[in-house]
Amino acid sequence: MLDKEAIAKRIAKEIQHNSYVNLGIGIPTLVANYIPKNIAVCFQSENGLLGMGPFPTEAEVDADLINAGKQTITMLPGASLFDSAMSFGMIHAQKIDLTILGAMEVSENGDIANWKIPGKMVKGMGGAMDLVASAKNIIVAMQHVNKDGESKLLPNCTLPLTGIRCVKKIVTELAVLAVLPEGGFKLLERAPGVSVDTIKKATLGKLIIEGEIPEMAFD
Amino acid sequence: MLDKEAIAKRIAKEIQHNSYVNLGIGIPTLVANYIPKNIAVCFQSENGLLGMGPFPTEAEVDADLINAGKQTITMLPGASLFDSAMSFGMIHAQKIDLTILGAMEVSENGDIANWKIPGKMVKGMGGAMDLVASAKNIIVAMQHVNKDGESKLLPNCTLPLTGIRCVKKIVTELAVLAVLPEGGFKLLERAPGVSVDTIKKATLGKLIIEGEIPEMAFD
Amino acid sequence: MMINKEVKNAEEAIVDIKDGQTIMLGGFGLCGIPENCIAALVKKGVTNLTCISNNAGVDDFGIGLMLQQRQVKKMIASYVGENAEFERQLLSGELDVELIPQGTLAFRCMAAGYGMPAIFTPAGIGTEVAIGKEVRNFNGKDYLLETAFNADFAIVKAWKGDITGNLIFKGTSRNFNTMMAMAGKITIAEVEELVEPGELDPNQIHVPGVYIHRIFQGSNYEKRIEKKTISK
Amino acid sequence: MMINKEVKNAEEAIVDIKDGQTIMLGGFGLCGIPENCIAALVKKGVTNLTCISNNAGVDDFGIGLMLQQRQVKKMIASYVGENAEFERQLLSGELDVELIPQGTLAFRCMAAGYGMPAIFTPAGIGTEVAIGKEVRNFNGKDYLLETAFNADFAIVKAWKGDITGNLIFKGTSRNFNTMMAMAGKITIAEVEELVEPGELDPNQIHVPGVYIHRIFQGSNYEKRIEKKTISK
């Protein structure tokens, strides 16, 4: 089973050379730490920044420079600043190549739920509905099962949706799976030491297994 | 009868303190020369400038700084530059208080035609259709009659329209007229030495004359 | 002669904001919020406000200060976490909230500033956000029709400004401030540094002065950081 | 590692532009036009182009150079005066022209850059521009529905740029260049001065590099003035 860092590390391998990437809060934020040196990538923060760098040193902290998770951050050379309209404009115009975000549930046709649990205080969707409505490629970082052991990869989402037919790939503590255009979770890789059977039991939605399923490689 | 400079001078009296004004090509451009010193006004050029100043000296000429008539110009202190989308955005959001432009014909309900003569080479409407569609106040500087002596203030325009029900006031070589909301040209002032009868003969659209019509005053 | 928008301070800038009006407030989290005007609104005690702002501040800062005084009737925002008083008022029914996608919030402000009555966005298609809204397909993709906001006042905070109302922002504090500045029927700008016309480069103005009705140099900016995060 | 968009020159930048494609060209009159790319397009001899540009240049400069070589099949513009060759081709039926309001031109580019399939504008209501178009009333006012442009290439000219594609414009040469830069499926930027990442202030970027696919430092800019006008 992968821990959060390992999930982030595995997702980092998905990032293409010369791509613009939006990282959600949580595990996706960790992905930035694992980008290979030979891969050119530019991170967008949807509150108005392209070229987001690492967190600042104490001396670099600037109240006027935060990311979409409201954390203080820095800018890399070549960074640019803009307003939220342009930021979501570039998202909707599909200038952002890849969005990596968390999810509570994903359905076998690629629907995603990650913003609202009925009966609980609803904080809001923030930019998530915009991102999932427009990203060319969406990778979800999530736990395969909830704390009661119930699958979060479902035939249909039970929670209110954030977006429909949008998730392309999922990386969990157990596996890497593609969401096929015709529907279904296609098992691509197993986490080290995790059996196909374990993944089967943890996946309530339609799971497609073809041939030998390799273990994840991390480099 | 007024010459072009006098028409511009009369229109300049219409400009309110603290207003943003767009001046069209031709006579409207001359209006800037007659703004009283105690009137604060900011001129917009729809190709992306607020705070347009006078034409440059030979030494100030900058190919990257032109007005909407493609003439070289200067900027005043407090000027700002922007792109054409923002420029027409501020026009459509009615942030520009007054538009002054020329016309070939105006109808008694405020329609304006100033961009196309069938059978002649059509150069285009430029920004005129945007300006007339949105300006809070539109003053037209025009000749009362064409070179054959035919009225250009008509019951209905005969030329293709630029915009409908938008002109608020007209200043010609003969008169100042308001276009009433309910329709009709209300005669407000006569040019020095011009009789009401001359104006009547030169106006084919519904002319409304109430009481004594004063001669224009220029200061 | 120059058009001069300068007012003395926040109290003068907000003097005619009335109970029950709709106000846009710039900022993302606590970054770029109009601190001085919020303090003045709290002091003035105006109530029953509808606030359009990406967030609702924290318990003791930003719009949270207005929530403490029960000045807000309705909040239109994209994310309202990190605020216990907000949650309490929401659950008790004292406060109405309308959550909308962040891009939709940005575009509905932008639409108002560009004189567009409505815009199309794919955000929210297939979700509860789409309920009751017009859906239209263009080139095989569905979009929601979302209308322009109509706010009585917009209150924004910039880094620098001049007395004609030109604004320059710094860092990510630009966020919603630019679109809201363009969207308000009356727009109030507070700035960290107010200068004379001609001191700002015309080429670097983020919001031209034509959109701004009142401007003043604020004081005592706290610029609180919500989640200070340091490199390890 | 930085994303690098630099190409050697205009020839390399336009190498894959093909006969029959749709191209946006920035500029207003001759101000801010991509001189190097126009020269390269003339040299390459690509034909049957649909050009979206506010104007069509003059007889011997700007898009006028492409008209001389009969490279343009259709012109979408707001104003096409000052060009005798344009008039000749139009009257002889060699050239098709679609005249649209200047704001509509700007908004249809902007819509493409913002992922909006269409926008509403009041410009053209009641005129022949509205013929065949959807009219919709919002709050008592009529608007035309105008669709986003869909261009194969956008070619723009900026003052300064860096190799990641960030652009800064000067004066009124910004005009249509920013929206077109954002609107092209492939956007080519030529700049007077190309610098390394970090040399431009992130706060002063007019077009972020994400929109730009190819960038190069142009040479021999003539920057011809169409109507030099001097104070008396």
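Going by the order they are written in, the chains are A, B, C and D; count residues from 1 in each one.
Following the convention adopted for this analysis, a contact is a pair of C-beta atoms (placed from the backbone, for glycine too) under 8 Å apart; a residue touches a chain by one contact, two chains touch by 3 or more.
The structure displayed is predicted, hence computed values, not measured ones.
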Checklist line | Least hop count linking subunit A to subunit B through chains in contact | finding: 2
Next item on the list: Specify the chain most distant from subunit D by Cα centroid.
Entry: A
Note to self: Just the number, please: Cα centre separation of subunit B and subunit C in whole Å.
What the structure shows: 36
Next item on the list: Measure off the straight-line distance from the CA centroid of subunit C to the CA centroid of subunit D, and report it in whole Å.
Entry: 33
Next item on the list: Could you give the separation in Å between the centres of subunit B and subunit D, each centre being the mean of its C-alpha atoms?
Entry: 29
Item checked: Multi-chain contact sites of subunit D, meaning residues that touch two or more partners -> 107, 114-116, 121-122, 169-171, 203
Next item on the list: Identify all positions of subunit A at which a residue touches two or more other chains, and write them in rising order.
Entry: 49, 81-82, 85, 88, 91-92, 134
Next item on the list: Draw the chains as points, connect those that touch, then say whether the picture is a line, ring, star, complete or other.
Entry: other
Notebook entry, point to check: What pairs of chains are touching here?
Noted result: A-C, A-D, B-C, B-D, C-D
Item checked: Residues of subunit D that touch subunit A when the two form their complex -> 1-4, 112-116, 162-164, 166, 182, 196-198, 202-203, 205, 208-211
Note to self: Looking at the complex, which residues from subunit D come into contact with subunit C?
What the structure shows: 107, 114-122, 138-139, 141, 143, 147, 168-171, 203-204
Check: In their complex, what parts of subunit A are in touch with subunit D?
Finding: 18-20, 37-42, 44, 49-51, 75-82, 85-86, 88-96, 134
Next item on the list: Would you pull the subunit D residues touching subunit B in the complex into a rising list?
Entry: 28-32, 54, 77-81, 87, 90-91, 99-107, 109-110, 121-129, 159, 169-179, 206, 223-232
Checklist line | Complex contact set, residues of subunit B against subunit D | finding: 45-49, 54-58, 61-67, 69-73, 81-85, 87-88, 91-92, 111, 121-130, 133-134, 160-165
